[in-house]
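In the two complexes that follow, chain A is the common piece, with chain B as its partner first and chain C second.
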Partner chain A sequence: MAERVTDIGPPKYDKFLPPVIKDNYGKWKYHEILEPGVLMHVAESGAKIFSVRGGSGRLVTTDFIKDVCDLADKFCDGYLRFTSRNNVEFLLTDNSKIAGVKAGMKKLGIPIGATGHSVSNIVHTQGWVHCHTPAIDASGIVKAVMDDLFEYFGSHKLPAQVRIALACCLNMCGAVHCSDIAILGIHRTAPKVNHERLRHLCEIPTTIASCPTGAIRPHPDKNIKSVVINEPRCMYCGNCYTMCPALPVFDAEKGGVALLVGGKVSNSKTPPMFSKLAVPYLPNNPPLWPETVKAIRKILTKYAEGANKWERVGEWVERIGWEKFFEVCDIPFTFQHIDDYRWAYDTYRTSMHFKF
Partner chain B sequence: MAVVEHGGKSFEVDEDGFLADLDGWGPEWVDYVKELEGISELKEDHWKVINMLQEYFKKNGIAPMVRILSKVTGFKLKYIYELFPSGPGKGACKMAGLPKPTGCV
Partner chain C sequence: MHKTPLLDKLESGPWPSFIKDLKRVAKRKKSVADLLGVLERSYKDKITHWKHGGIVGVLGYGSGIIGRYTDLPEEFPGVEHFHTVRVNQPSGWFYTTKALRELCDIWDEHGSSLLNVHGSTGDMIFLGTTTDQLEPCFAKLTAKGWDLGGSGSAMRSPSCCVGMARCEWSCYDTMDLCYEATQHFQFEMHRPSFPYKFKIKCSGCPNDCVAAVARADMSVIGVWKDDIRIDKAAVKAYAGGELKPRGGGSPYAKLDIKADVTDLCPTACMNYDGKTLKIDNKNCNHCMHCISLMPMALRPGTATGATLLLGSHAPILEGAQMSWVIVPFMEMEHPYDEFKELVGNITEWWSEHGKNRERVGELMLRLGMREFLKGVGLEPVPQTVKTPRANPFFFWHQEDFDAEAKGRKYIK
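Here is the complex of A and B:
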């Protein structure tokens, strides 16, 4: 414990601000998107700051960090930042250096874009790289989807911005529950119970309480300190495995991808919305997840064709109606789409209004 | 699973050094973890926490919430950290031979 330093918090943010931001803090007049990936902010004083935004894999090496630092040293007096979608932004005051930054980014393989009505970076999670509860991978699927949608990253040709997010299990780390298109890892088999180890590894009451459907109860044999799962009640959320390592739920053959659509967080025009189930299951198919990639492209292109300017995916679907959405996107409507969890009643149609 | 030897006894442990077999607990285990935890001397207050955790676990099948641990022992969280530098979970529960804390820790 000697010489231990604690509770010092992060360094204060303003230590790393470019002088022009410090001088004009809270005094900005307007901004313009000069071209995909390049923004200009103009202050009341007339001062300007330019930012060049580029994609990153989020999971990066220290070499990558050093490379972007070198680039920032060369053109931006050492200033850069990361966005809330894990893009990297180079900040500079001299617009004659934008071309240099862009050339440098290209050389490093950093695509320029993610502004305006684009598909920006995918907010994603750990997947098979680091977590123990995933049903799908994160980085792999993200790479496959962004490769396919690359044309939308560095352009502004969509009706509005389309936020894509991925979570590798129902814990939904990140933003899948509130994104235009969400990729979610799901299981389709009940956890297996390791009766032998359970009592050493798990708190049984906590495990029972972790189940949203009440599918877990103590082992009927009083001499066996374990639990049993009522499989017809289990919907494979994997929550019990999070609490109890003796209940592994991953099944390589059965786990896979569910797609959700229509979420948003902003309050512009309409209130924020949760994303809703669009495709209940697509197979886990590494390394390129072609079924998932194809389904997302289909939804995105149908949205791009059908939506009005400024209309987010969720707003578009609500306007045309869900039955129409399933029809134009060619997605079979199944019983899995019908909510059956606790407050499901509010999601049923209590009206004569519908389209044939 | 790894096995550690201490004080003439052997303990089966997981990769985080928690007891893999709850029945294997004994005072020698406390002595072993004490060294790992950087606790120079076991005081009465250490034992008060360990005993409380064990009693609570025996009775309820779970580790107590931190608030309950504090309330029953009368020790504020800050003092619990002084006793067990890694905290009530990684430090005290490990020493008491409770299962490893789970969830998004």
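Here is the complex of A and C:
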């Protein structure tokens, strides 16, 4: 432990700020979006900073980062940042260099956009690249969906911004529970109990406590130190597998994608909203997930046609009513859509206010 | 290189291809070539090929590294170990190329050269290395001024929006609070001592660009208490079409101030008679809609601070929650003593009462808001609720009667 450095935290942010930001920190007056992907912020002093925003796969290599650094060295005095949706932003004070940055981005295959009323980058997770609990992949589906919706990334043609997120299981790392459109990996079969491994690998009380529906109990035979699963009570959340490796929940054929819609985090006009179940199941179909891609395009297109100015997906659906949402998007309504978990009552319609 | 016919299909199309990017590195790194092999197998089998869990780390810390092992080590020995290192990001994700190159050099030497930029909590993710490389990698990181982020039942890496660095709406210095909180809670980040994870996110205004309300146990969202500042000339320019709505980021060329702004105000506290825009600020709920649409005409007030909301988490275990208001307004001035003290009180109350793997928001629901507020020394205020309770099942304690006898409405 000699010469060990610990508890230093991250470097202080001011080491990495361009001089124009240091000089005008907290003194910005207004901003404009000059074109899709290009922002201009103007300070009280009249100073300006230009940001050119581009998409990234989030899962990248040091080669990519070095390419991006070369570009920032050439045009931005070595300053850049990343956004909360994992886009990259090149920061510069000389607007005559914007064209050079854009040309450089084009050469590197970095699409320019993600501002204003666009479909910005998809916040997503690890999938089959690095996680042990996913029901679907992350990077592959994101690539397939963004290829399909590419026209919306570098344009401002939607009624409002549309946030898409993906989580590869219902741990929902990221923003799936609060996004306009959300892609969620789901299982549809109960875990298989490996009694022989369980007694060695798992702590039985924490495994039992991990179940939201109380479907797990100790094995009735005390000699078998394991658990049994009451399958009709299991809705395949996979949380017991998170706690106990002897309870794998994967089924290559039955696992798949659910789509949720209508969530948001901003307070603009309406309070933040949770996303709600729109499509309970689509097949897990690598490498291009065509059913998922098609269903998302349909929802996005119907929203773009039907929403009022400035209306987020959730605001649009609440205005027209969920019964109309299913109708216009041509999505069958199923038993799975009706909440039956604890506070389900709040989601039932206790009024005569509905449309035929 | 393994054959990857399924993954190869993700190389075309206009969106940046992670497969194309990974293949560049696969030429020089066996681990990445094997990662592509494992991933191709997953695409074929439609199932993950990572073994359950994995506990690895660096000496002195209980968090920061996510261990991972493939279940196909004979076929893909390059990813037999494939651990993730979470590197705590700088506030607002600002970097210099010098700093990024230093990080890349460390990771090229000690890992797979793959990264997530960034993980959802905010960390720079170094994706894939072996157990023996963790210590040397950590030593190089700290020598260059970088530390690990959080994982496990600990304080996780706080993150923040761009704030005052490049936004005219930021009501407090999000980047500074994020940095100060990260430094203050270093022990809690690196040595898990909580019932479960705890996240802090700092947004400068109610637009909430880091999604604090949904993704942080403690959500700090900037707000103002005084009047929205109006530039009358700019309002006129919006009405006349010289200025474009939403800074130019919408498909709509000209703003109809009545239809687009005042009629959509959620509290109907605005009025526009074709000439003058009036705001009844006492009834404004600071939703940001009018400001977002007319950034050159309207600005937040100058009596600024933050609202603290607590409790959000994803669905496991009791269903997803968004954070709810616990302190309607707190001034946010460096060094943020009041904030740090309250977070300390909250984590202490939660550590004392929380069950194993119970998020603070779940504990608040289990024990009730009264126990929470008393436990951390906060008063009941109407801003914490959307509506008062509708059921009549409320408790009275002796302390309520004592307070009543002293002429107070609640205990203090």
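Note that the second predicted complex is superposed on the first by the 356 of 356 C-alpha atoms of A that agree within 3 Å, B and C clash if a C-alpha of one lies under 4 Å from a C-alpha of the other, contacts with A are read in each partner's own complex, and residues count from 1 in each chain.
The rule is short, and it goes like this: a residue touches a chain if its C-beta (ideal position, glycine included) is under 8 Å from a C-beta of that chain, and two chains touch if they have at least 3 such contacts.
Remember, it's a predicted structure, so these values are computed and weren't measured experimentally.
Chemist: Of chain B and chain C, which one touches more of chain A's residues?
Modeler: C
Chemist: Please work out whether A:Lys324 is in contact with chain B alone, chain C alone, both, or neither, and reply first, second, both or neither.
Modeler: Neither partner.
Chemist: A:Leu170 contacts which: chain B (first), chain C (second), both, neither?
Modeler: The second partner, chain C, only.
Chemist: Look at A:Asn284 in the shared chain and tell me whether it touches chain B only, chain C only, both, or neither; answer first, second, both or neither.
Modeler: The answer is second: A:Asn284 touches chain C but not chain B.
Chemist: Go through the superposed model and pick first if A:Met1 touches only chain B, second if only chain C, both, or neither.
Modeler: Both chain B and chain C are touched by A:Met1.
Chemist: For A:His337, decide between first (touching chain B), second (touching chain C), both and neither.
Modeler: neither
Chemist: In the overlay, answer first, second, both or neither for which of chain B and chain C A:Ile204 touches.
Modeler: The answer is first: A:Ile204 touches chain B but not chain C.
Chemist: Touch test for A:His130: chain B only (first), chain C only (second), both, or neither?
Modeler: Only chain C is touched by A:His130; chain B is not.
Chemist: Once the complexes are superposed, what residues of chain A are shared between the chain B interface and the chain C interface?
Modeler: Chain A residues touching both partners: 1, 171, 206, 242, 245.
Chemist: So in the complex, the part of chain A that touches chain B is made up of which residues?
Modeler: Touching chain B from chain A are residues 1, 171, 199-206, 242-245.
Chemist: Name, in rising order, each residue of chain B that touches chain A in their complex.
Modeler: Residues in contact with chain A: 19-22, 38, 60-63, 85, 99-100, 102-104.
Chemist: What does chain A use to touch chain C in their complex?
Modeler: The touching residues are 1, 4-13, 15-17, 21, 25-26, 28-35, 39, 41, 49, 51, 55-66, 68-70, 72-73, 78-84, 86, 88, 109-111, 115-117, 123, 125, 127-134, 137, 139-140, 143-144, 146-147, 150, 153, 156-159, 170-178, 206, 209-210, 212, 237, 239, 241-242, 245, 250, 252-253, 255, 263, 265-270, 272, 274, 284, 286-288, 309-310, 341-343.
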